[in-house]
Amino acid sequence: MTMLADMPAVMLLAAAPAVPLLMIATAIVPRARERLIAYLPFAPVPAIVAAITVPHGTSVVLPQALLGLTLEIDKPGAILLGSAALLWMAGGIHARSSIREQVGRFAAWWLITLAGSLGVFLAADMIGFYFFYTLVSLAAYGLVVHDDTPDARRASSLYVALALLGEALLFMAFVLLAAAAPGGSVLISDAVAALSASPWREPALLLIILGFGLKIALVPLHVWMPLTYVAAPTPAAAVLSGAAVNAGVVGLIRFLPFDTAMPAWGEALAVIGLLSALYGVIVGVTQANPKAVLAYSSISQMGFIAAVLGMGLATGNTAVPLVVAFYAAHHTLAKGGLFLSLGLLDARSPRYVWLVLLPAAVLALGLAGLPLTGGQLAKMAAKGPLGDGAIGTLAHLSAAGSTLLMLFFLLRLNTTVPQNMAKPTINPPAAAWLVVAFAALVMPWILFPTIVGASWRHALTHKELWSASWPVIAGGVMAAVLWPRRAILRNIPQGDLLILAERCGPAARRVAVAFERTDDALRQWSVASMCIVLLVLLTALALAAS
Amino acid sequence: MAAAFDIGLIVLLVGIGAWMIVVRDVVVATIIFVVFGLLMAIAWVRLSAVDVALTEAAIGSGITGTLLLGAAARLKGADAGGTRLSFPITVVAAVLCAMISASLAAVALLLTYPAPTLAPMAMQNLDQTGLGNPVAAVLFAYRALDTLLEKVVLLLALVGVWSLAPDRAWRGVPSLDTTVPPSDILAFFAQILPPFGIVFAIYMTWTGASNPGGAFQGGTVLAVMWLLVMMAGVMRAPSISNVWLRWLLVAGPALFLIVGFTGVFIADGFLAYPPAYAKALIVAVEAALAVSIAATLGLLAAGPPERMQQK
Amino acid sequence: MSSTMDAFTVLAISCGAFFFVAGTIGLLRFPDVPTRLHALTKADNLGLGLVALGLLPQVAGPLAALKLIIVWLFALISGAIVTQLIVRAVR
Amino acid sequence: MTTATLFGLCSSALVGLGLFGVIVDPHPLRKILAFNLLGSGVFLLFGVVARRGAAAGLGGDPVPQALVITGIVVAFAATALAVALVLRLFEPEAGNAVESEATSAGLEVDGGRS
Amino acid sequence: MSVAAVTATTEGYLLVLAIMWPVAGILVALVVNGRNIERVAYIVLPIGFAIATAVVMAVAQGGQSQIYVVGGWAPPLGVALRADGISAAMMMTTAMVICATGLFARGEFVQPAEGPEARAPYVFWILLFSIWSALNALVLGSDLFNLYVALELLTFAAVPLVCLKGQKETIEAALRYMLFALIGSVLYLLGAVMIYGLYGTLDIGLLSGRVRAEPATWIAAALMTVGLLAKTALFPLHLWLPPAHAGAPAPGSAILSALVVKGSFFLIVRIWFDAMPGHLSFAAAQLLAALGAGAILVGSVLALRQQRLKLMIAYSTIAQLGYLFFIFPLATGFAAGIVWSGLAWTGSWMQLFSHAFAKAAMFMAAGLIAEALGHDRIADLGGIGRKLPITMFAFALSGLSLIGVPPSGGFVAKWLLLIATINEGQWWWAAVIVVGGLLAGGYIFMVLGRLLADPLSPLVIRGAVSRSRELVALSLAVCAVLLGLVPLQPSDFLRIGR
């Protein structure tokens, strides 16, 4: 934790979350607020520069007036930061031309979410992490609710309720970590190092996995994701699905103790992850709305990530954070690119639809690990930690499921395109989207050697190509079989289990009514005044019981 | 013999107290309360607290009684009573209260001698205050801060009462004499009693420095005289925005405050008196306070202004 | 001399006490507030007067005697006033 | 049993009675009366404490005696304020007299239950 | 504080000034023509603020309690005033909230330009001064009876504030408050006189050396504590709070919720940490905290169920007060065997201060919204956020502090309290604190969601809302947030004097 003399690097680090926050400050002036949206693409610029140029290991301790936050950049952080910032930039360009109503408010929420989303990758202390995590979690509410439709309201209510639940779980987890950390240190590294000896280890791990599991939508904590991504405006859905979700990934990277093998916790996490991966595919193919298909794909992909993390935790593999960051970065660009392509399709005339669909297809199948795409490398990198056991094999198989799901996405997309032709009013530039798509394709090839320590040529061997191809082929076959019979796939409502959970609504209401009745009774004069007398007696007795 | 008298008095106090709680009619309960207050005054004498006995008789019974009686009379028509509690709840309440009483009684029985006391210390320092009545010394020297704050409490209660005035009647007069036209007999008595009362009040305030009595008791007697003449219609109630009235209300506490701050310069600090002038200062403060207390208590009992003054 | 005076005192105070008892019974037994007050004031004024009268021979000097009489007079006046007020309150 | 102890018992009884009255009496004015009874019980305990502290040629400790005087005055102020509230509450035209911004804000508060 | 320590410090006169300066304001305000009463306020408020600042500086620089022996009569015969760390911090919070309320109320309680003196402004300013004086007396007092008088002063000032509008409902609320508070103060007084009867002094410092563990002490302490609980409106003694705090005019609600209920809480802390340190049993501490937990759960759930904004905020106050009572099991130091545990101590005070700022801001925001719309039905608040963005921002910031989102005082408070629950091995309170934050998030976002939503029907704005009043609310909310910048460790300042 040395404060480097390298001032520009330090400044850049601080600027990554600070610039968007400062931009919000201008929103106090109403006129500036209305114009803010035009400048959204510039907000993540310092983060991109920082991710590329700032040497890993650079850290800065902000003054107490800024919470005394510690910011530090490391390799996984830099990869996640760079990819997320790029997506935010493309999203900002898209939003600038596609958001027409309440632009001031949208820009404000956007910037807060952006600041949080980038900040979590840099925060090195728990308070700072929690601060940024809260920003990205709670401010996303404003993006989800933006359209103010009944669906958006329902989705945002559910989202904020679960986000708050996640916040609460993590708050408690961090408190347990801090209570065990030496000398009241709030640095994440200190706290995680002390975790294995902490008397609160088990509850802390449980809370961490639950809290971040909510964010990455592990089944059965996934119910908010489809609703939210469908309800949010397209650019918002893009950044939420691509960038904001990585707050959960980075949380697990930072807070799980990978230097100690914890087989029980690790395997449990891996199993849940695989379950999510499978579940996302199964429910995803039943969805008619392409946005919902993408959301279920996110559930599936995040499940895969959880499986990698789980296996890393089970074996005490300290290389896992980097691998996961690499995988998640690819997912960021690919998923974000896919969402943005939805927005572009809305605006294109039928003749040029293929111009969008083709790159989209590459991105989609990239998520399944199609050879020669970035996705192939991402899957390859993940293979190491997953190992060759049952879990590794199953994880590998999940690529077939991804292919199936992505093909369904493309087909759904194709069938829904004509319906969306009626509104040529918005015309987001395609260039930004192409940059993201290109980055999704190319970035893994550049980073790959630094992740696994092997040349990218390794990926072009026959063995690897075949290994990457057969799941795609299998998925293609499944799609070919299933698509014509898609009518038999009943459309499961978005949020699936949520429908079951909503059955519990009346029960919750009954509890609330019981509380109300209690309160009514206690607020009777006679009851309350008798309570005084009773409490005097009780207190006296309690004092005597010493 | 003395114990028998005490026991009789106590039985009477408790019995009357219980009667007051259970009796149905509000007016009757109020009258019982007045009687109770007078008996309490006797109890205070039995406890060798003549100062308190005077206060209890004047304030606790007298002016509180007047206030409550007037209120009870005005509420006669209104349906102010809620529903009575069900029998089981009443029993529970009774049991709980009995348990409180029992624990307090246990404390009373458990207290041992020698009891801690500040009496010697109060007497030792009495010379420095120039006073002869240790109770007055506590009120105006040792614990003068309490007394000063309590004056503010009184004023504030008055502001609170006034705040309940309807907006249109602000700056108006309290309606003491609206219920029934004053009778001649009352007016007659209300003319002969006040001169005596005023003399008595002045005496009481003056003698308070060395004997039982003082500003509170004197002020209360004055207040009662004032209330009497207002209620009898001999004198009209003043408008609450009357400048003189407001000065009267503030005079005592203000003088007290000024004397208190003067102490910073001429004595040991806030609310300290130089021994040579202690008695003079205290008596001056008491005199001013008596007037302010009289005005405050009288207006408190008179209630908020309810109508504009008839010209 | 003193025994006569003592006898007078006993007699007067006993009579006073009788009036108090009578007044108290009236207070308890009479049906409404005005009649109760009626009983009470009669008892009060007369009873107190007799008690004061009975105590007169027992006090030290004329000043103290005067005080006793004044006490009674004030009780008379204030009793009358309070009665008036109470009656107004209940009417 | 000394005078102080006897009155101590009396004080306990009065406190219990007063509390009971405050709890069960439905009429607000009766609650105020009961509160005064409760207060008398508490003040009486001051008297008991003072009496027990008789020393230095005094019949009682002057400090609690002085405190009671303050207490009685405060209790009267409380009674006066409470009575004024009760009267205002049960006035026939209560509630409409002050129109200024009251009704415009349209704030309904939870109606109390007695 | 031992007997020997009862000598005045050089800066002690400030303590008298802190109490008496607003009193002087009351006296002047009573005699001046009502028209000039706001001018009196312009003098009283800044100078009072300066006095509070000076006390804080004196305490911080001296590093010890400031003491003033009134009239030169040392306790036990006389009365002393004492400012330690917590009193100084309370004084500062009080001064800030009162001055902000004064600024805010300027728009509401003005004497009409023409015509005679009006009731509400005249009364309001006097009540404001009184509350200030009473709170200063409460935090500086070190004599149980002197504190009783201060407590009554506070109540008598708070009650008329509730019914300043004069509606029937508010009068009923005020009466209920008054009667319940009276029971509380009488019980407190009963306990205090028993203490005097047992130990021959009412001075808190002297008592700490004299108190013995015996049944009479326990009964006395129970009476005082529960009496004060009634005034603090701790669950289940909260019957008076919702109608009173919801019915008062906005500046009044702000003061009542932010400060007044804290006065009696402060006194409970004084009793258990200063007058009778070490006498709070584990069971009693658990009982107090259990009531606090009940307050958090019931208050929060009820807040979620309210249909009116001000009632929702009032129930939130009930819930937030609950957190304060964790100070008893957590700061007493049961686990460590020491008398004092700094984490929970700091955490509880941070909760108090941040809630004071946040709740004052929130009530002000609610008042402005009600003023603009003419109602405060949560369901019909749609679109007001667009018309009053600053007000909404103030509401949101204070709400985030209540939830405990960083950076905010509420976060610091909860963080420290939670760590203390773990250190003290009382994890069950941690669960309540976390659930409370979750429920707070629920009711805050319920309202924020409405504020952000499109109006169901075109919004009718009844009156222009002054920008400066919006900014007052916002600045208080910002104060709550800025409190979140203090270091997450036991505060040395709050420890001064113990």
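We just call them A, B, C, D and E in the order they show up, numbering each chain from 1.
Keep this in mind: contacts are C-beta pairs under 8 Å (C-beta built on N, C-alpha and C of every residue); 3 or more make two chains touch, one makes a residue touch a chain.
Predicted model, so just to flag it, every value in this text is computed and none were measured.
Common neighbours of subunit D and subunit E, by the contact definition above: A, B. Each step here moves to a touching chain, and the least such steps from subunit C to subunit E number 2.
Among all pairs of chains, B-D has the largest number of C-beta pairs in contact.
Among the chains in view, E has its Cα centre nearest the centre of the complete protein Cα set. A separation of 12 Å divides the Cα centre of subunit B from that of subunit D. Distance between chain centres (mean CA atoms), subunit B to subunit E: 31 Å.
Note: centroid distance subunit A to subunit B, computed from Cα atoms, is 70 Å. Taking the mean of the C-alpha atoms as each chain's centre, subunit A and subunit E sit 41 Å apart.
Across the assembly, subunit B contributes residues 30, 72, 85, 89, 93, 96-97, 100, 103-104, 107, 111, 115-118, 122, 142-143, 146, 150, 153, 156-157, 160, 164, 166-167 that each touch 2 or more other chains. Looking at subunit D, one finds that residues 15, 19, 22-24, 28, 32, 45, 48-49, 52-53, 63, 67, 70, 74, 77-78, 81, 85-86, 88, 97-98, 100, 112, 114 touch two or more other chains. For subunit C, the set of residues touching two or more other chains is empty. Pairwise, the chains that make contact are A-B, A-D, A-E, B-C, B-D, B-E, D-E.
Listing the residues of subunit A that touch subunit B in their complex gives 526, 530, 533-534, 536-537, 540.
Remark: subunit B residues 2-3, 6-7, 10, 13-14, 17-18, 20-21, 26, 29-30, 33, 36-37, 40, 43-44, 46-49, 51-52, 55-56, 59-60, 63-64, 67-68, 71-72, 74-75, 78-85, 89-90, 93-94, 96-98, 100-102, 104-105, 107-109, 111, 113, 115-120, 122-124, 134-135, 137-139, 142-143, 146-147, 150, 153-154, 156-158, 160-161, 164, 166-169, 214, 216, 297, 300-301, 303-304 touch subunit D in the complex. Contact residues on subunit D toward subunit E in their complex (touch as defined above): 15, 19, 22, 28, 31-32, 35, 38-39, 42, 45-46, 48-49, 52-53, 63-64, 67, 70-71, 74, 77-78, 81-82, 85-86, 88-89, 94-95, 97-98, 100-112. By the touch criterion given at the top, residues 85, 89, 92-93, 96-97, 99-100, 103 of subunit B touch subunit A in their complex.
Those residues of subunit D lying in contact with subunit B across their complex are 1, 3-21, 23-30, 32-34, 36-37, 40, 43-45, 47-63, 65-70, 72-81, 83-88, 90-92, 97-100, 114.
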